[in-house]
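In what comes next, subunit A is part of two complexes: it sits with subunit B in the first one and with subunit C in the second one.
Presenting the complex of A and B:
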């Protein structure tokens, strides 16, 4: 048990160490291999941590440098954090493997080490957001994630990606500025930065009915800041360009993981710091619910109009993020659990679609538009399969991850008060909208087979292995709903 | 009322600075001015934090033998401001680097013109 407690810190340390080492590896693909090795190791370690914590039903706090609570910095890990860490690491590894060929094409060889440095820093920031128990540490890692994500967008070095990165940076800075202001107000009111202490004092203040205005302002600022960073609907203007103009691995990671990191932090704030009853008393749950509901519909309609495959997939990410906000807005434990499941489901589905789309673009002579991609799936059936299964999963085909998350969300919505009907309507309408843009896309890539069209490869490529792993994970998420929800509920109890 | 304003002058200043910074960041098309707006926004948060930790008549929290001081100022916000400054410097550096790159490519600092030229470039490429 004792060694297990070192895993969160050890993972972070290992990732940061590999990040520093990667620019110095001169061997061809050395940095890529190092990054993949570390990601695999962290996946296995987090999986071990998850099984131990799940079986014993415990969580623990890890004091950095053995300084006790009011002075020291803490990490906290329970089953839910371990589950997120393990899945994020696995998705990171698979996206990296799936996009290796695009990295080699889009990024100059001498820059590959630097690219791996960035991706590893981004990965460390994500895990730190999952594990940290200290608000200010969370802020620092939010900024690290923002900067590295921006540079990951520029890594392709085209004019379009620089413009997209500038827009991304402006929105990110606004988001983190609001979060920092919120943290300052919370510190000003309570005098604490560790989440548990903050939670205790806030519960006391709320029961006494004092300081409600600053607490409301802090909750509002932090929710707003984090929803800007996770591209929730009215603040999603930066997302499509940034995600569409990056290289495949970066798109997959930005869309599948980075957006989720901020939401994991938001869930921790809701459960650990503010508490459900306080947020319900200031109508925060209704705000989240309405943001989610409008986002589900508007982002899907926007996705319908896209000619560029990567932009369509990026808009669909914004719609999927809205599901998470809708689930959080239900204000119940079941809703939060459904949000956690949706985070996992989307984290495994969207990178698969991006990896598939990247390979299809390669197979279709490098064009991003539907006209270039007609019939591309026949040239690379595995990539076509990834895109198809991912699209169908997001439309809600049973046995796949998307269906289970919609099911969990609908069950949670049935127990809600006035939200039931709007939520069910939103789920139904957005599923239909998802189908109206994914199914024509799927039909287009499997379109008429041109004459003498040849299969591109006859040997197994590493991205095909990644796609198979993604498919397996998707089916596991789709079929193993019961045990996964058990882990999530246990994790939320111990969060 | 006036007394309240004087008492809360740091916080009011911080809110004003934040608003000015935010407006510049979003409404001004010039990239350099956007960066200045960003910095103003960060600085306002630092002012807010630093003002929060300040205690009237307090001294820096360094214990010296034999001297008795009535109060020390709170050192934690100071630490937070230092970390915040590091973060602000790195975002500014990144923003400036991106601006240099855009200027070299499109010969303008005006974001609207840059967007227009980028769009034209895309259309040319498409033909």
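Presenting the complex of A and C:
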């Protein structure tokens, strides 16, 4: 057995054990530094795993313990899982680095260590959702993610974040409950929890036509639960407050990663457990497609009406999530690949915007509103650059990540049947809507420079390093479409 | 126990009356707690206006009152009769539309009943089609459960098949579950533990509780320890035994009072215990995952099934899980039973 096959296990246990041990650190900022070190290590390990798996074109299962798969637990890693793990780890590291100053400002000193601990648990849960090969393991880590994500919202302790966290908690529990119902129905009907065995038995049941009602109900309940948790359109009511009232790193992580973790799980369910043909036979793809299409337009219109910068960015997240659902609803391999690319593109773009917005708010002496932020970019040009590039990327400026994902989506839509025209129309309309709220925002922050506006600082700050990394990743995603889609297709084959 | 009459039903009535546009204070001749009234005002304010820091809001209100010539001190510093002043100084032009919430709430009621009925019908329909409970031909009776039951003793060394399943076959899930408890406990600590928080419930001084508690406390504790230690031999295990242990801890807190419990089992020590146990669990299971997956060997000897020291890591794992569960329950109790500030 190759050493690199231990990497998924090592990553998970490194994160979990270091997080659990962190209450013993007495040093100031110790937990924060430990978290960043672990994130860096896991990023490098996952990158190594990705290059190895991509070159050899293989995937493998990792037996957790002494017992083989249907009896024991199992992890599975292929190029796609490694790609998600590496990019999630990098985004986590950059969001933490980019928001360090806001963590120190927003959260009481004696609670910062605990906050880092819970964020590390959230990170471990995300990686476990990416790597798991077993539905029940996935559920356990969904629970961890639900608890820790609520704390991420409430840790700032303003009145608004308490209200937002309670609402988030209710939605989150509802989502987990529906997923659990779906899993139990599937178990009763098939007797398995392992994804491979489930997939085989479901294919048999579908071809035999037995147990169609429970299967349909399970598919619907699980999709519903996961879309509530990832704030897809009719269930997005919890998202703007939760994301807007949290501290910067938490907003970046929630918006860039937590929503995506559930979607990765949904993609695994669609590809490996239910299979395209079963979902098409119950019109699940059309449902996802229509929800995605309406979500794209409604969330963008809602974003237009916001006056608080973080709320606007949060609504824009909801619109971007709808792109993923639209792509999944195309029901083809190209659509799923486009969804995977959109996950990556949004994971690298939205945290950059949140980090930039956080730094701009700080530069504008704490004002969240456009009126407070007029000309703020001149005080902190790097943050302004991050917000600008992020906004333009989401509007679809070529050479940036957002353009490539829209391109991939459009190519996938061209191959579809009746969905082609609505999908193209939706992409065009929502790009225009994105532009109508991002471009005035960008113009506002670069607005007229006040009389004696001073640059805030002349030395390089750690969040500026994070912003540079985000910018580089964004351009790489925008320009490296070919190789990335190659990895994604290879990964989907091996999923 | 609590400072004000904060029964949930009562608060809900007040909320409903507020939502329907009435003044919830009208039939209360006694002045409402000024701090609570002010905070409710504050929530209304941020709901209809922009978000504002609580301190800034109070300063703004103070300046408004000062400008009107009402120079009473801030509500926090004195106690009585402030709410009248506050409710009069509503800002004109506020987007407060009485009756708007009433229609919404009616809509919510109808919608939620509708959703509940739809879910009920769907799930009942699904249950009708699904295999019967206990049916020997059900799909869930397959090679997976067969191996758990038939080779469990031999492969894990546990007489209790459930313990063998959750702590050996599927130990990664259980590690996740313990981490869920840990995360929940840490979240509650993060949110509710304040350095200057007043010590809550002293021992209730009730003679019957004290005597009876003293009588059954040793039995409860011993039973919890027994269930944990015998987890791999008889029904029970870390989760159930830990719950009993946690109940024992809560009972002893009720009998002895907070100050004595704080000497016996300070909250710092509880956190440390939980952390050490979870780490020990992680290290032990990490060892067996790693050796198992790489086929290194180096197995832990299973011993003779039925003996107390058997089943490899099962006994220490059960102890760890039991302590985690007990400590988590006790943490929840101490932090939630604290006084409202």
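Keep in mind that, in the parts below, the second predicted complex is superposed on the first by the 494 of 495 C-alpha atoms of A that agree within 3 Å, B and C clash if a C-alpha of one lies under 4 Å from a C-alpha of the other, contacts with A are read in each partner's own complex, and residues count from 1 in each chain.
Operating definition for what follows: contacts are C-beta pairs under 8 Å (C-beta built on N, C-alpha and C of every residue); 3 or more make two chains touch, one makes a residue touch a chain.
Only a predicted model underlies this, so the values are computations on that prediction, with no experimental measurement involved.
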Room on subunit A for both subunit B and subunit C (clash or fit): clash
Which of subunit B and subunit C A:151 touches, first, second, both or neither: both
Which of subunit B and subunit C A:65 touches, first, second, both or neither: second
Which of subunit B and subunit C A:217 touches, first, second, both or neither: second
Touched subunit A residues, subunit B compared with subunit C: C
Contacts of A:160 with subunit B and subunit C, given as first, second, both or neither: both
First, second, both or neither for A:187, with subunit B first and subunit C second: both
Contacts of A:51 with subunit B and subunit C, given as first, second, both or neither: neither
Subunit B versus subunit C as contact partner of A:281, first or second or both or neither: neither
First (subunit B), second (subunit C), both or neither touched by A:136: both
First (subunit B), second (subunit C), both or neither touched by A:420: neither
Colliding region between subunit B and subunit C, picked from 44-52, 98-106 or 296-304 after the shared-chain fit: 44-52
Residues of subunit A that lie at the interface with subunit B and also at the interface with subunit C: 136, 140, 143, 147, 150-151, 154, 159-160, 163, 181, 187-188
Residue ranges of subunit A touching subunit B (in the complex, touch as defined): 136, 140, 143, 146-147, 150-151, 154, 159-160, 162-163, 165-166, 169-170, 173-174, 176-177, 180-181, 184, 187-188, 193
Residue ranges of subunit B in contact with subunit A within the complex: 18, 22, 25-26, 31, 34, 38, 41-42, 45, 48-49, 52, 76-77, 80, 83-84, 87, 90-91, 94-95, 98-99, 101-102, 105-106, 111, 114-115, 118, 121-122
Subunit C - residues contacting subunit A, complex: 39, 42-43, 46, 50-51, 53-54, 122-123, 125-126, 129-131, 138-145, 147-148, 155, 168-173, 175-177, 179-180, 182-184, 186-187, 189-191, 195, 271-272, 275, 278-279, 282-283, 285-286, 288-290, 292-295, 299
Subunit C-facing residues of subunit A, complex: 1, 5-6, 9, 13, 16-17, 20-21, 23-24, 62-67, 70-73, 110-111, 114-115, 117-118, 121, 124, 128, 134, 136-137, 140-141, 143-144, 147-148, 150-151, 154-155, 158-160, 163, 181, 185, 187-192, 201, 211, 213-214, 217, 245, 307-308, 368-369
